[in-house]
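One chain, subunit A, links the two complexes that follow: it is found with subunit B in the first and with subunit C in the second.
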Partner chain A sequence: MSGQTKMFGEKAFDLLKELERSSQTIPAFDDDGVRQVLEEIKAIFEENVAQASTYNASGDRSLWPLLNFRHAALQRNKRCLLAYLYERCKRIKALRWEFGPIIPGDIKQALCEPEVTFFNNYSKSLAAYMCSAGYNQGLPIDLTNNLRPPKSLYIEVRCMEDYGKFELDDGEVIHLKKNSQHYLPRAQVESLVRQGILHHIA
Partner chain B sequence: MFVQDLRNDFYRQLVGKRILIVVNYDIDAICASRILQALFKYDHMLYTVVPIMGVTGLKRAYGEHQGDVKYVVLVNCGGCVDIVELLQPAEDVTFFICDSHRPLDVCNIYSDRQVCILGDASLEENIPAFETIFYDSDGEDDEEDESSDPEQQHNDSGAGESDQEDEAPRSRKLSRLERHEQRVLKQRARRQWESERDRIMFEYTQFSYYGRSAALMVFELAWKLSKDNMDLLWWAIVGITEQLLLGKIESGSYTLELEQIQSHVSRLTNKTNDQNTMSASKITFENDLHLVLYRHWPVTESMRYSRYSSCQLKLWTLRGEKRLHELLLEMGLPLVHARQTYGAMDLVLRKEFFSMVERLAEKYDIADIVYGTFTLSYGYRSRYAAADYVYALLAIMESVKKHKTPEDCFLEASDALSRQHKQLLSAGIDQAKLLHAAVFRQVQSSLEARQVHSAGSFFYYVLQEEHAFFSYPYALGLLARFLLRGHVATSRARQAPDLPLIASCPLDAAEGMCLLVGVVPVREDSPRNFFGKAFEQAAQKSGVALLQDFFEPAVVQLRQSDLTRFLDALTVLLT
Partner chain C sequence: MSDVEDVPETQLEIDDTEGAELEDEDDDMEQITAQKVLEILETAWINEMCAPEILPSQADMLELMVSQVAHMEEQMRDLDKNDFRAVVHSMELERVRYIMASYLRCRLQKIETFTQHILNQEAGREPDDKRLSPEETKFAQEFASNLDEYFHKVATQYMPNQQRGEAEQRIVTPNLMSHVFLKANVAVPAVIVGVDDEEVDMAAGSQHIIPYQLVADLIQNNQAQLI
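Moving on to the complex of A and B:
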């Protein structure tokens, strides 16, 4: 049988390889693969239990290495599964920092139910932490801004559409008109850049 | 008012302020504005850059930002129009003009505070003295009052006591006569002064020409601020090369500027200690050939599409083609190599190409093909002559399409200047190839069909249909200059090299407007162009509505239907 020629632990390893190789931020949860690995673990375990009981009964030392080998394979499968889940959790955490508290629709489809719950919980605790980290009470710090320190306080932007007047904190009024180029404080125009009204020129 | 000390009187004034930079549509201006932006970035000054085309654009741009900004820098625009009258700015707004167009408007020159022209007053030619063109109107009014008041008194007194003092009225009468005489004299003097002023002003504004490259001027400011680097220098070089290629600078003054730039080049090369060939940019001075984009094109194509070599060898004719082959033969350049892209040519041939052409230049009457210029190299593959940049940017700037406004083109050209956007530049080079090939084909067909007509004192050439390339001022200018040279090369008339050419191309079929460009005669080395003034006067005489919106005075727009009437008037005016 072809199934018999396969080595123990191969499926679990494939699972990890798939995850590592995928170019998406987070690939769909491989339900089938996980189930197969679990089945394999179960099969190994049952075989081991059966042989262990005969070993106990007969005291046949020749079974001893086989038992140990099966146990190692079982442990490896477990480790692989855990690594798979852990890596996905890590990516989900990164997701929170990158995309904010709401998961984009296409990514949400790739997650399984418990992962979504994990995300929500993580999001909640992060929000709670950000609230408590604010120096003056009631004003939470958004830690997800500026993940990398900005190179300069000002950025060069190009206006993509007619926006009209835009007032800076210091009272300067800037007329944002399509195709004009400006040099403005980063912090104040960041939201406009996100909205696509301004385009950051590298 | 001229501002000579750019560091103290221009830059220091601006530090920490918010600035509006208004940039004209030309490459020199783009380069200058890029250098300015780099400077302002160093000092964290907020700025806004607005590209404009023509006087209406300037008015609109200023109108939109009016009230928000107090300092406006005009790059390559506005020097030749009376800024204060045109824009009606508030008292506290200051304009700094960095313009290479000449002659400068006298009101700008004599403005005492609001308008500052960057540059050296002593370098400017024959600016009329203040007294000769501005009349002190206040003093005149006073005198009028004085002269009228006594008269009034005299009339009153004369009615009451005429028979009493007999001598006094006589003397008064005398003086009245004298006064009258004086007034007549004064009026005559005034009229004389006025006609003298008109003469002076006419002489001053008769020719339009160009001063120093704006980019170079701004680069020198950067140098004085010790904020210069290789990139800024390269932009300045591109700016001045544009002036050379578009005939905005005399070859003599170009050579003078070259020396200065060379010293900047060697200074900056020694200063940078980046020895890594991959990342270091290097500018080198070298003698190069006046061949369009030859580093990116097959040699035969480049020779054919270059104005100078093409016209000297008459490459649009069959005989010219033979002569080109003869030249290649004598150079020892196999046709296989000459017909493939320069970059794919044999390395040995590539290395010797310049010397091969130089050796034979004299014999084939293309001696002027050699000129001094700079090349930029970075990495292993990128090597560009300043002229390559200019042609590519020109092509990008005029690549207006349906979904691509002129502003988009401007910004793209400005992006293509920086090294990070190499793909934009190579796209521009491809575009430039198309443009030059189109110019050549147009010249060939027009010369064969004898479409260049003589009007006695100038040639004219009228394109009948809208054209994808030539409906834009720079491309039409390129075409006109190529055409004039080609026509002169084939014409037997002796005075042909001394005659200028006017080319016209319809702009927009729906509106019926057409573009008119006047270029200087072939023999003329200086960029002095009298067409700006001549167009204006011809329009006045013939009553044609002329749209002199561009900052290049020799580029105008008018109604297609008025064209013949306008040309007739121009013929009368210039003979």
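Moving on to the complex of A and C:
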């Protein structure tokens, strides 16, 4: 245990601080940090168990505060660790709303394997829910669309990269070439705007 | 004579001409106008956005609205694209769609945040009182087990045994005492505010700031609405 030089719970707090301060969408999963915190929890717990049995046997009241203190440290570690994971969960959920059912490659590297599983399951439940939300009309409501209140039917967009052909609902096909500007129905291009392929001009 | 009771409703349907959707509504079997459905949905949407806890689901209204929107779209197809009416109608449809999507999103967000709390509450409710639609219940359950599995895989399975059984400490509950803005729809006499049984009479149309829990039942009975 690193308790010789460091206080209890410091590492756990570091985990949270780093996550909070990072400007990335989601920083890489801190495998090492999580392991250290878990080890600290385990070490504290074992010490406590050992001393608790001495305490029970001898009834030495002087051990009582120490036991309490360790327990508090343990709780704090646990809480920080779970908060860390929960915050990451939240960001992973946000990914689903932002990028759709497939995680972009560079972000995927930042996730650990259980997190990818979590994302996939979440994505599946959400998709299932969205399908059923359209009820028997066969018209699933795409909840990830319509994220902002509509101001106008059409928006002016500039194309940021060569996307190729894009077919509108009424069958009209337009060519999205880099730097070309178009005046398109907002509802149909919203996802492209969010992916950064189109840029909404004013 | 037995039909008399239905008459006001049907009249409503004829009288009410301000809604953009109304003209297509006459063959609908429901005794409720599209305008009314939209109003109910809008209120539900605003209430849901403002209330700290999840409110009863308006799945029926939503279903009506979805079919109405589909119906409208069907009719719009025959209209010329540049017809002024087509533009107005499709803008209106966009708005309706946004409200529905936003409403469902808002509920999902609450479900995700308070998953376990909501599931526990639902378990204690009669089938008629359930606040979640079946789809939402399914989503909530899946989400809860998904989250648990994730926690278990990454962390809790490595923790000492005695430390695991504290999942109930992690339940996130909404703060029901958070203050909300509300408007009384009808006059409500003697609403208890504050801890010392202080009472306030709300006049119809009056607006108040009050902790949510004290007025939660008024909102559910539609005596007041959040703003």
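Note that in this section the second predicted complex is superposed on the first by the 156 of 202 C-alpha atoms of A that agree within 3 Å, B and C clash if a C-alpha of one lies under 4 Å from a C-alpha of the other, contacts with A are read in each partner's own complex, and residues count from 1 in each chain.
Keep in mind that, in the parts below, a contact is a pair of C-beta atoms (placed from the backbone, for glycine too) under 8 Å apart; a residue touches a chain by one contact, two chains touch by 3 or more.
Fair warning: this is a prediction, and the values are worked out from it, not measured in the lab.
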Partner chain(s) touched by A:R158 [first = subunit B, second = subunit C, both, neither]: first
Which superposed partner A:C89 touches (first subunit B, second subunit C, both, neither): second
Touching partner for A:F99 - first (subunit B), second (subunit C), both, neither: neither
Superposed model, subunit A: greater residue contact from subunit B or subunit C: C
Which of subunit B and subunit C A:P114 touches, first, second, both or neither: second
First (subunit B), second (subunit C), both or neither touched by A:L184: first
First, second, both or neither for A:W64, with subunit B first and subunit C second: neither
Doubly contacted residues of subunit A, that is, touched by subunit B and again by subunit C: 153
Subunit A - residues contacting subunit C, complex: 34, 38, 41-42, 45-46, 74, 78, 81-82, 85, 89, 93, 112, 114-115, 117-118, 121-122, 124-126, 128-129, 132-135, 137, 139, 141-143, 145-146, 148-150, 152-153, 170, 186-187
Complex contacts: residues of subunit C adjacent to subunit A: 62-63, 66-67, 69-70, 81, 87, 90-91, 94-95, 97-98, 100-102, 104-105, 108, 112, 135-136, 138-139, 142-143, 146-147, 149-151, 153-155, 158-160, 162-163, 170
Subunit B residues within the subunit A interface of the complex: 18, 37, 40-41, 44-51, 64-65, 67-68, 405, 407-408, 410-411, 415, 420
Subunit B-facing residues of subunit A, complex: 153-154, 156, 158, 165, 168, 172-175, 177-185, 201-202
